[in-house]
Amino acid sequence: MPEPLLAIDGLTKTFHVAKSASGNTRLKALDGISLTVGRGETLGLVGESGCGKSTLARTLMMLETPDKGTVTFEGTNPFGLRGKELLNWRRRVQMVFQDPFASLNARMNAGDIIAEPWATHRSLYPTSKEREARVRELLHMVGLRPSDARKSPQEFSGGQRQRIGIARALALNPDVIILDEPVSALDLSVQAQVLNLLNELQKELGVSYIFISHDLTVVRHVADRVAVMYLGRIIETGATDEVFDHPRHPYTAALMSASPKLDVSGTQRDRIVLRGELPSPLDPPSGCRFRTRCWKAQDICAEVSPEPQVLAAPDGTRHLAECHFPLDSIKGLTGVTAAVASAS
Amino acid sequence: MQSSLTEPPAAEQLPADSRQPREHTKESKQDGKLGLFRLLLKDRFATASALILVVVGLTALIGPALMGDLATKQNLLFANKAPFTVAHGWEYFLGSDSLGRSMLARLVVASRTTLSVAVPAVAVALVIGSLWGVWAGYHRGWRENVSMRIADVIMSFPSLLLAVVVLYVFSPSAANIVLILALTRIPIYLRTARAESAELQSRTFVDAARTFGAKPSAIIVRHVIPVVLPTLLTLATLEFCYVMLAESSLSFLGIGIQPPDVSWGLMVSQGRQYLQTAWWLSIFPGVAIVVTTIAANVLAAWLRIATDPAQRWRLALPRKRLIARIPVKETQP
Amino acid sequence: MKTAAEQAPVKRSRAAEAPAASSEAKAHDVVLQVRDLAVDIRTHRGTVRAVNSVGFEARAGETLALLGESGCGKSMTAKALAGIMDPVCDLADGQIVLNGTDLAALSAKERLKFAGPGLGIVFQDALTALNPVYTVGTQLGEAFRIHRGLNARQARAEAIDLMKRVGIPEPESRVNSYPHQFSGGMRQRILIAMAVALNPRLLIADEPTTALDVTVQAQIMQLLRTLREEGQMAVILITHDLAVVAEEADSVAVMYAGNVVESGPVSEVFADPRHPYTKGLLESVPVHLERGAQLKSIPGSPPELHDIPAGCVYQSRCPLVQDICRAERPALRPVTSPVNDADAGTATANVPSGGPSRPARTAACHFSEEITNA
Amino acid sequence: NSDAAALSSNTVRVVLGQEPPTLEACESNLTSTGVVVRSNVTEPLIERNPKTGELEPKLATEWKATSDTEWTLKLREGVKFQDGTPFNAEAAAFTIDRAVNSKLGCNVEGYVFGDADLKVKAVDASTLTVTTPEPDPILPLRLSFLEVVPTSTSTTAKVREPIGTGPYKIEQWDSGQKITLSTWDGYWGDKPAYAKAEYQWRSESSVRAAMVTSGEADVAMGLSPDDNIGDLGVDYPNNETVALRLDANAAPLNDIRVRQAVNYAIDKEGIVNSLYQGKHKVAAQLVPEGVVGHNSALTGWPFDLDKAKSLVAEAKADGVDTSKQISLVVRSAQFPKITELGQVLQEQLGQAGLNVKLKMLETSQHLTYQVRPFPKDEGAVALMTQHGNQAGDAAFTVDQYMLSTGAQSYFGTPEFDAMIKKADAASGDERKKDFEEIFAYQNDKVVQFAHISHQTGIIGKAKSVNYTPNSSSGDELRVAEMTPAS
Amino acid sequence: MLIYLRKRIVSSALPLVVVIVGVFALARMTGNPASLYLPLNATQQMRDDFTARNGLDQPLLVQMADYFGGVFRLDFGQSLRTGQDAAAMALRAFPATLQLAATTMVLAVLLALVVGCWAALKPNGIADRISSFVSMAAASIPDFWLAIVGIWVFAITLGWLPTSGVSGASAWVLPIATLLLRPFGVLVQIVRGSMVSALSEPYIKLARSRGAGELRVVTHHALRNAAAPALTVAGDLTVGLVNGAVVVETIFGWPGIGKLMIDSILQRDFAVLQAAVLLTAVAIFALNILIDMGYALLDARVRPVTVKA
């Protein structure tokens, strides 16, 4: 296996918060996350709201300091970098933020926003002429007009703003871009435009993406591999089609089935509707974290945390799941639905 | 309702030559200023306020040179002459004071002292308090705690004592009054700036700047200050009023501006003895204070909206009764 | 002018209510009829028309989906129906007939009586739509205090009842919690509970799940379904998720730049779009494609509100554009549908109440007939 | 306000400029203390008649010098203190010892007696001898400042509410609000007309005036001519004199011609007439009429700007740096219209060609300029001083202001000092003449002072009260002299 | 909550010490009070006696140590001026100021709420313009001037109110009216501003969609949300009143702490000054804590139990 561009091992992040009901003040937002991203690859990251996706992204961007675990980018740990080397790392890893409204300063115009990174990385485009040319180029790349450089963020629609965010991330010619729900604020036709853009960039520049999204249809479209998160842990990873077609963790299965399908036949699908709410990350369940909502849970699930198991994938790709009772890969979803129907 | 106020013409109509982006930016900046000015003209109250402030400013700037002598020329036989008559010459149109000096000239000369106390006092407190507060709020942690405690200390410290000390150790002068007023008002800005900055530093666009590797100082300058500034400026205009009043209260207690210097506050304070015999001695400077502060406040309120891209539309909003319906062509089936 | 809800006894048990409601409203009865709705916004560029001659109808026990690009006026329409427009917006024209009463003709004060018992609305952003300083119980109970004159204790009991109804566990203790103590999904449920508190005939849900992940979305949709069936409510669902529309809605109205450009039963519209915009929208969905393949998207962007062209609103992006499109704005006309040919002849843009039980199929395009063939 | 009316028939309400810090008898030379205590609560052995300037018996009936340094006093009998104890020589001796010889640091000690210790002896119950270290012709006058207290009074601490022999006793002191005095039945003299006196205090003179106008007070002290009190205002000469004290230790004031020029440059008539509505009198010396030693022949300096200018020019021609700055040091709010006066003086001296800077200072700062040791490196100082001779004898003025070592004097000459020493030791007419000469000599040869005016005080007085203020009313307001106007 | 309170009180202790040390040092920079308390012709010997008697000849640090030693024994020293216990003087004056400040602020807040809400209902409407003009004028009139005019009009000309003093309810009217004006003027602006933004919040729309009328929307929904900024400013203004109602106290002869403080400053009555400053500083710190608790009452989100650490 080739050396991955970015490797994360055992990453743990705890937030200190005021007391919860049980008196706990430590919120484990990330709990031993291990992942790899290859060069030119797109890793999709899905999971319920609040499971730690954004925290993972922010930790990778060194906006948060992890308690434990390592990040390796081309063999070096970015958290140990200082000065020039740190700046260089900053240049190579960029992020597009979840909220296109909040991540742009409303008092700057689009051109200034896109050019902002160069204020720190002066050597990249030393003359103002070069910078202006590059801004125009970037605007063009993300499908905006050169004249848009003068507009301020509120003059753009949500989709256009997201594109400005992408242009800003591209300004430093990074090797990895972390995209935190880049399309969930967009409507369909704009979403299509943005996805096309990302796709082209990857083809042309060989950028790697970590693509966070709720929308499974979109993830399926863009990602080479998917990681599914639940309460701060990666519970399943594998090649996209493998995970989508043969989910092995009950939660993944539930997620897949909950995703609405554009099916105009009008027939009601059977779907797994999970019982109960996501448990509070402050007081996660013992043993397997999903057991409180899992229809397959047994006594052992409450006692022993499942270890990730390598599962056989029909197409030979690496498929990992963290479950004591992984689903049968052949039965697929139909079997699951039957099981739920009988359980409830 | 299409007025010249509308934004620059749609992008497509601009000269397509994008090889001259510099000119574009220049143009747009001019546009912006012009736009602001036109916007100002649209609001009658704001325009009037701006005019008043300009007049006051000019008066303070050139007035003393024109009227300085007149303001000190005493004539004991001509004391406390009533205003609103030109019988004694134009310079006594606003009457004369208890030493027979021209009220008009004294008001003009006092405007300079007043502004040269109020403006620097507000400016110094604003700059120090804001920068400090922004810095403390951005970094949080002990810097924030220590700063807030310092603010508490200054707030609960009797400013009068400070005034007496400064006037004792140094001498009573406008500069020292500026020093006292600035020092005691720093916490106001400090607190506001800290609160806003603490909130801002958790915003996503600040995080975005961090991911480029921008230094805290650069982020503060680029992202925090421009957002906090309008609030602080509005606060500063309220404070402008406060400082003028504080200065007159110091005069009342005998530790403010000292004659022969003259400020509006001092004039009000000294004129109070004559309220029943020569009302104009304290009414005119009082009116000057009130009018100036109202004008400053109105303009600040306006400016705050006008510089906020998200609120600017409010100003240019046509009144409800003026709505012109846009006719819509439609074919009937 | 009393509504059914107002005449209802002050306190009814939930159990007794459901059958009563369903007897009042027969399934497929037209609950709301909107005709020629127009909304103006006063902006610094002058007054613009954000919503223009919008018409549709909502039926008891059914869901009408409003689809359309961001900024096309969906929320504005919803707010106009609920009578809670921003101060810069004016209802310029049109009728909003709810159960036989034209809300558009009422004064703001008279309208208050309908807010709650007549219609309820759910906003997209559950965090900002709940008042952060009051407990959810207080906010849930308010409708009862206003419209039924209950005291605080009674209102609280009703609030607990409501929370049970929308599936919030342990409502007795959570009724005293503040909005920020709830998760996004629960907040959304509370908003829904608030909207259905007085069993309105019409529920408007403006992007109720956009901020939520799919598992929560599924739960919310199921809740809406249950409530709709229990109370024989008409539901107007605003979303831009075509998959949700496909799964949840009975009929759909597609909006573009303030105009309804196409409407009809979901299955028919999705299977056989008769407006190029609808067609483009359906084609942008990333399904059943090679990974990384180019997605279809509609080129260009919608016209700005102050710059809406004469003629068809979609002309700048339409692949079929002709001279007539630039000259004349096509009206919403019935179109023939292969699925529903029989009704097509009688359908009109605005069906009077008591009309046919199936919603009509309409489109606003000069070439709606050609599209099928294209 | 019928309540107030009923009250006012037997209560006289007085409003003062400030709350007395204490009513301690040995501090009663402080204006705000004395105005309440003196002759109301406590009484002195000997009393000075403010109108005539003569000393009159009070608790002492007779006094005479029994030697150069010894005075013998005969005390009144049958007088009781308000606590019931009898007044006798022991009490009188105790009072003097307590005020003058103790470590209490009484204000009156410094004010009247300097650092001289007195020997006091109670010869019998009603006879007292006082021995001074040096001959002191005005000892009886000095004793008139001592208010007699009983032997039960603390000798280690000052007392806030003294017990005296006066017609009124302290009924209640609501700190910050008011002091109430009520008549004491055991008083040896006549019962006063008012059963009660109530003191309040307001620092704004216009408010004090307003209180009389609105009927909230019967007597208001220390009003300003602009308080618009109309015919409720009563003028009285208050013994205060305003003058500039010129520091001859620095240029340009070290030249007598410049000091003379200062005198010529001030338009005293103009100031008195315009600022003080003609109520003050132009002054030619530091003490007003009525004080022993006042020289009624002195006419003072005329206002003559040209003369002033030429004197300055002369001095300049002789090498005096007349462009050097003179600090005109003024205490803010010392007396009505002082700021205006300061500005007028600055302007007028400026016109004479002097470079004057007005310095308005608060009390404590002003005091550092007023009394020795004077601040160094201040250049020439012209200090505005308001001097009130409460005692009625020029010695109290001259020792302080003119002796070259005087606490408030910048300079003097040996010759002048000798004149003063001689006058101090003299008595009777000779004393009077000596002091008159001294005042004339100062104007002629010394010119440390530029006199401006003798002030007139104004009190506000309601129509319902009969009272005629006199020159000591500001320090000693005798309630017993007030009667209701029927 | 109690833990939070304890924390706040502990963290206020150090600033309090700083305040006292500062006052102590600054006060002594204003010079030896001897000449104020001794007759003008006092001899050097008397001055030295005075200085020694009051411990002013010691090095500053020793004086300070003595003082703090005294404070721990609850002995705040004696007034130079009146010879009374300094703490007793401060404690006697304080309630008068507190009552005045509290009454004024309560009235100012109530009035400002009413006027501010009224103005906010129609931004830029007639009511808004009028109230903003009036409130700005109110905020910029010098208080001593107003006080004197008030006395002239209401006490002398009309005879409705007493000129000054503390006797009877009517004596409160003028001082309060005078003090009220600035807080009122400032608060109207603040209330109006935060009301306008609160009224444009989505939850207000939702309340309307539930059938809440205008009055209910304003009083039940917007007001509480708009109250926090008003609370902050009201707090600062109250601090100003507690610390600096000097002018009004001076004019109306109100025996309050502000007057006591300025007198002590001008009279170099150090012990009283220190006691008064300590007392007001404690009060101000307490006020700040109260205000923070007020926020928590108004808005559950800022309750210390739920905020993120």
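Going in written order, the chains are labelled A, B, C, D and E, and every chain counts its residues from 1.
Convention: a residue touches a chain if its C-beta (ideal position, glycine included) is under 8 Å from a C-beta of that chain, and two chains touch if they have at least 3 such contacts.
Because the structure is predicted, anything quoted here is derived from the model rather than measured.
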Chain hops separating subunit E from subunit D, counting only touching neighbours: 1
Selected pair, greater C-beta contact count between B-D and B-E: B-E
Approximate Å spacing (C-alpha centroids) for the pair subunit A, subunit B: 48
Cα-centroid distance, subunit A relative to subunit D, in whole angstrom: 90
Whole-Å gap between the CA centroids of subunit A and subunit E: 53
Where subunit E touches two or more other chains at once, by residue number: 30-31, 148, 152, 250, 266, 306
Residue list for subunit D, restricted to those that touch at least two other chains: 206, 362, 364-365
Two or more partner chains touched - positions in subunit C: none
Complex contacts: residues of subunit B adjacent to subunit A: 8, 11-12, 14, 18, 21-22, 24-25, 28, 203-205, 207-215, 218, 222-223, 226-227, 309-310
Touching residues (chain side subunit E, partner subunit D) in the complex: 30-31, 33, 35-43, 45-46, 49-50, 53, 81-84, 89, 92-93, 96, 148, 151-152, 155-156, 159, 162-167, 250-253, 255, 266-268
Complex interface listing, subunit E residues touching subunit C: 200-203, 205-213, 216, 220-221, 224-225, 298-301, 306
Subunit E to subunit B touching residues, read off their complex: 11-12, 14-15, 18-19, 22-23, 26-27, 29-31, 123, 129, 132-133, 136-137, 139-145, 148-149, 152, 182, 186, 189, 236, 239, 243-244, 246-247, 250, 261-262, 265-266, 273, 276-277, 280-281, 284-285, 288
Complex contacts: residues of subunit A adjacent to subunit C: 47-50, 157-160, 184, 186-193, 195-196, 199, 202-203, 214-218, 220-224, 240, 254-255, 258-266, 268-269, 271, 273-274, 276-278
